[in-house]
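Two complexes, one shared chain (chain A), two partners (chain B, chain C).
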Partner chain A sequence: MSCGVPGMEDAGCLFLFGYNPNTSHPIVARRVVRAKEKGAKIIVADPRFIETARIADIYMPLKNGSNVAFLNSFAYSIIDQGLVDEEFVRDHTTGYEDFVKVVERYAPERTKDITGIDPAMMNEAARMYATAEPSSIICWGMGVCQQVQNVEAVHTCAAIACITHQIGKPNSGVAPVRGQNNVQGACDMGALPNFFPGYQSVTNPEVREKFAKAWNIPVDKLSDHVGYKVSDIGHLVEDGKVHAFVNMGEDPLQTEPDAANLKRQLEGLDLFVCLDIFMTQTCAEADVILPATSWGEHEGVFTACDRTFQYFSAAVPPKGECRHDWQIISDLSTRMGYPMHYENTKEIWDKECRELWPGAYGATYEKMAGLGHAQWPIPTLDHPGSPDLFLGGKFSTPDRRARLIAHDFVYPTEMPDEKYPLVLCSVREVGHYSCRSMTGNCEQLTDLADEPGYAHIAPADAKARGIEHDDLIWVYSRRGKIITRAFVDDRINEGAIYMTYQWWIGKTNDLMLHHVDSRSHTPEDKYCACQVERIDDQMWAEEHCQELYMALKERLFKKADRQYVDSDELGVPTELDEADVTPDPQPATA
Partner chain B sequence: MSRFIAINPNRCVACGTCRAECSEGHRKAGLQSEPRLALYESRDVVASLTCHHCAGAPCVKVCPVNAIQHCKDGCVRVDEHQCIGCKLCAVTCPFGAIHMAGTPVSGVAGMEYHVPTFPASTDPLIRWQIGVITAAVKCDLCAYDHGHPHCVDACITNALRLVEDPDDGDEIERKRVVSGYKSIAMLENFDPREDDPEAARFDDSAEGGK
Partner chain C sequence: MEKHMVVCPYCGSGCKFNLLVENGLVVGSEPLNGLTNQGELCLKGYSGYDFINDTKILTPRLYHPMMRTSREKPLKRVSWDTALDFVAEKLLAIKEKYGPDSIYCTGSSRGTGNESNLVMQRFARACIGTNNVDNCART
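Moving on to the complex of A and B:
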């Protein structure tokens, strides 16, 4: 984010584009409410009438999968109405002519059938955004990132902020929120295939030299090319390029699209190690499970989406055999030939983050003590931290100018057709978090919302299929078929259904298309084709649902409990069936 | 004295924290863990709705076993031990603020399966096993915690508020003045049926009233 989350309250206009703060970040939603109370204009562009749309000055019901066409028209409208800050464009950007050449083909009148937005509304919103005082912020979430044209849409959002000079001043610019807690922190610390800690490129020889020296290893031991991305893991195993997979605190069989296929692909691994705090569907497939500690058991530093480092301390000591992630990583590294030892997280923070990343040097544990925080860039010990980036129009490119880039619109990969006439879009809800391995194991949250979850459907689409609110229904796509509950919702646009990916029985990712974009390799989780069907025998459906859930729980329970050692699965003879065991002629991994 | 929880729907962000807090507080006290606030969402409005603790509460009148009582602290309360689950109160409540619930014991998603691992209830009369007797649940203004409602503290946007007589006298006086001005403007062409489609349903003279 180019601004801080608290700063959102003081902007003159918040433009929420493909972002539903109320379900993904209620704490940010609180800022939006306060901004509104302080007089900010709110623009919401979303296919659903989301919670914030209720308090918005303009709600733009754009069609699913039309982001880039919409943004191009938005930019067209800004240029057409003479709202470009020409001085800022001249002094602080490059590529404006090429940007205009693309955008000028997207007059709102020409795109209205693609985006569903009335040109007058487009012009009004563009004017509201571009002229807001003292600043405007474009906020976007997974509605932008999980589309086939995700990077393209981000380029255009940033360009829109630049041409209107709604960036480079306090409380302005771009606010891409994160999908998970501490995604920003994981990226900061180099948990990316292309960066060392602090966004220092692995392909830069000087950077490699620096890290090799700090880590006391020959420079040729550090890979000089960009690594694989996690969304490709299935195909990489299938192609024989990956043989071992260490999976830390993730449940890809719940969260990755086309999960049933991924499960089959992961069976091809020679070695599959999982670090987790609960038994999950992914852990159940692992060769080795290393029990880790949960957030209440360990300490460390989280980074919020607005680059704020926050220290958090442990509430309780680890249970049983559980160990901290950093201890497990150190041990794995030591056993693989690189001795790694740290006394505590502070040593890791000082040595691996502050000393190797100049932008974080001032973020000491002392500064973050108690309720303290530090917002990077924070290069020196007495630096106050930086809520706002690019102040004065100084960008982080070599020539300190923003590059304006526009792209032509491309339709989503799998369009609805006669057999699968509805768009399936995966979203969030407040009740549970992500793959539900954590919140699903929390009694009070399970009481409030449990399997099989809901598919939100427009009243007209439900009526056409004879479906009533709370009915159990079938949802199917080219990938699979699942059972879930219908939520007939007048906030939903016709022709689309919305499901959260957290339910294990109503498992959205058994339906989702696995298609990633070429740049970031992010799956297109917001768009695929599906169909919904009513179930006549609701009594049977309720029972079926319960059976599936109990069977899954039982499977995971047995996997987690050492008393239930399944001899067939382990391939190890036990006392009971020793006599029956014959040696397996074909190792499972062949 | 009557006390109740009021909501400012413009501030509500539908996060459900009030419901989680309500559920947890009552569960710990050995009462039904069902949340006593309902989140109502429509295109125009979102709000956590709960009991108004009506002065002439119809639920108190219809309860055949006197399980629902006006309490001295300005609250209408169900005694879950005495409740026989007859549902009359739920039917008669004009706000839908009462419903029936038995604490589910399905356990959590991943780990617990054979035996529910809830801590033993502090109240021996509320059973935690499958087949638990269904009782009417409604807001009790957190009587188990000296009538200090947990949802109000939990609300992240301060949308919820405990309304108490002494505090709100002045506020009501101020609103009277404001609404006095407003109603003069409203009355000029006021047709209740225009604004409220529900009104037409109860109007016998309206055509197609059902």
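Moving on to the complex of A and C:
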């Protein structure tokens, strides 16, 4: 984010584009409400009439998969209405002429059938955004990122902020609000195939020299090329490129698209190691399971979505033989002939982050004690931290100018057709998080929402299929077929259904298409084609869901039970048993 | 009752609260006046802590290392030494045979913390010699 979360409430306009804060970040959503109370204008562009749409000054019901056409028209409207800040464009950007050459083909009148947006509304929204005082912020979430044209849409959002000078001043700019609690942190810390910690490029020889020196290795031991992206892991194993997978705290068999196919692909690994706190569906396939401490049992630093580092402490001691992730990896490295040893997380933070990333040097554990925090860039010990980036229009490019880029619109990869006439869009719900290994083991959150989950469907689409609210239904795509419950919802658009991805039975990712864009390799989880069908025998379906749920749970419990039996004792299974076989989620009776 | 300050492990808002601990169990949460949450929490902040206690509602916690030496054999509990020596030996053999880029590591964008990611990326880069390290930022 180019601004801080607290500053959102002081903007003059918040433009929520493919972002549903009430569900994904309720505590950020309250800043949107505060902004409204302080007089800000709210624009919501989303195919669903999301909660924030209720307080929006303009609600724009754009069609699924039309983002780049929409943004190009939005930019067209800004230019067409004379709302470009020409001085800012001249002094702080490059590429404006080429940008205009693309967007001038996207007059709102020409895109209205693609986007579903009335040209007058497009013009009004563009004016509201561009003229807001003192600043506007474009906020987005996975509605932008998990599309085939995700990087293209981000380029265009940033360009729109630049041509209107709604960036480069306090509480302005672009706010891609990160979903998981430490996704900003994992990226900051160099858990990326192209960057060392602090976004220092692995292809830069000087940077490699610095890290080789700090890590006591000859520089030629460091790889000089960008690594693979984890979203490609299945294909990489299938093609014989990757033979070993060391997986820390992630459950890709629940969270990645086309999960059934991914499971088959991962069977080709020579070695599959999982560090986790729970026996997840992914752990159940591992060759080696290493038990780690949970949040609550270890301390450290997280980075919030707006680049704020905050310290968290341990509340209870480690259980059983659990070790901290960093202890496990350090020990493994030492056994492989590269000794790594740290006394505690503070030593790791000081040596591996602060010493090697100049922009984080001022973020000491002392500064983060108690309710303290440190927002990067924070280069010196007495630096106050940086809620806002690019102040004064100074961008992080070599010439300090923003590069304006526009792209032509491309339709999503798998369009609806006669056999699969509906769009399937993967979304979030407020009470569960990610693969649900954590929230699914919380009593109150499970009481609130449990298997098989819901597919939200518009009343007309439900009626056409004889489906009533709460009916169990089949949802199927070219990848698979699952059971879920219908939520007949008058706040969503016709022609699309919306499902959350944490359920085992109503497993969205057995339906989703595994297609990634060419730049970021992000799956197109917001769009594939599907069909929905009522299940005639509701009684059978209810029983079947229960049985399947019990079988899936039982399998993981049986696998985990093996940790309590000493290898030398009798009674340890020597042959594979039912715990090693996954129950079939698509029974023949279907 | 003990109180321990944490940052929420769920979304990226960065809410601060205390975990309330009684007899070694986490029994509650209490919002703090953090930078973003200002004394408020959502339902996950208020109700999302008891998984730490191993409630066994959905899946059981892992307490001991386990491994299998081949796909035809079931998982068995082993010592840390056995598990880590096995992984070290296998990774070295795979690196020798197929090169460092044949090994993939993930960091984690969830509850493990920044320090675990720092150590994992150093392991991938300095010990194995690959930039094959990533996190689930895309999903």
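Just so we're on the same page, the second predicted complex is superposed on the first by the 562 of 590 C-alpha atoms of A that agree within 3 Å, B and C clash if a C-alpha of one lies under 4 Å from a C-alpha of the other, contacts with A are read in each partner's own complex, and residues count from 1 in each chain.
Following the convention adopted for this analysis, contacts are C-beta pairs under 8 Å (C-beta built on N, C-alpha and C of every residue); 3 or more make two chains touch, one makes a residue touch a chain.
Just so you know, these numbers come straight off a predicted model, no measurement behind them.
In the superposition on chain A, A:196 contacts chain C only, with no contact to chain B. Applying the stated contact rule after C-alpha superposition, one finds that A:49 touches chain B and leaves chain C untouched. Of the two partner chains placed by superposition, only chain B is touched by A:554; chain C is not.
By the touch criterion stated above, A:156 is placed in contact with neither chain B nor chain C.
In the superposed pair of complexes, A:215 makes contact with chain C only, with no contact to chain B.
Partner contacting the larger number of chain A residues, of chain B and chain C: C.
When the two complexes are overlaid on their common chain A, residue A:227 makes contact with chain C while staying clear of chain B. By the touch criterion defined above, A:446 reaches both chain B and chain C. When the shared chain is aligned, chain B comes close enough to touch A:491, but chain C does not. Contact with neither chain B nor chain C is seen for A:164 once the two complexes are overlaid on the shared chain. Chain A uses residues 26-27, 30, 278-280, 430-431, 436-437, 440-446, 448, 553, 556-557, 560 to touch chain B in one structure and chain C in the other.
Every residue of chain C that touches chain A in the complex is listed here, in rising order: 2, 4-16, 19, 21, 24-26, 32-37, 40-45, 47-52, 54-68, 71-78, 80, 83-88, 90-92, 94, 97-98, 100-139.
Within the complex formed with chain A, the chain B residues making contact are 10-11, 13-17, 19-20, 23-24, 27, 33-35, 41-46, 103-104, 106-114, 118, 156-157.
Every residue of chain A that touches chain B in the complex is listed here, in rising order: 21-23, 26-27, 29-30, 33, 49, 51, 54-55, 278-280, 430-431, 436-437, 440-448, 450-451, 490-491, 504, 550, 553-554, 556-557, 560.
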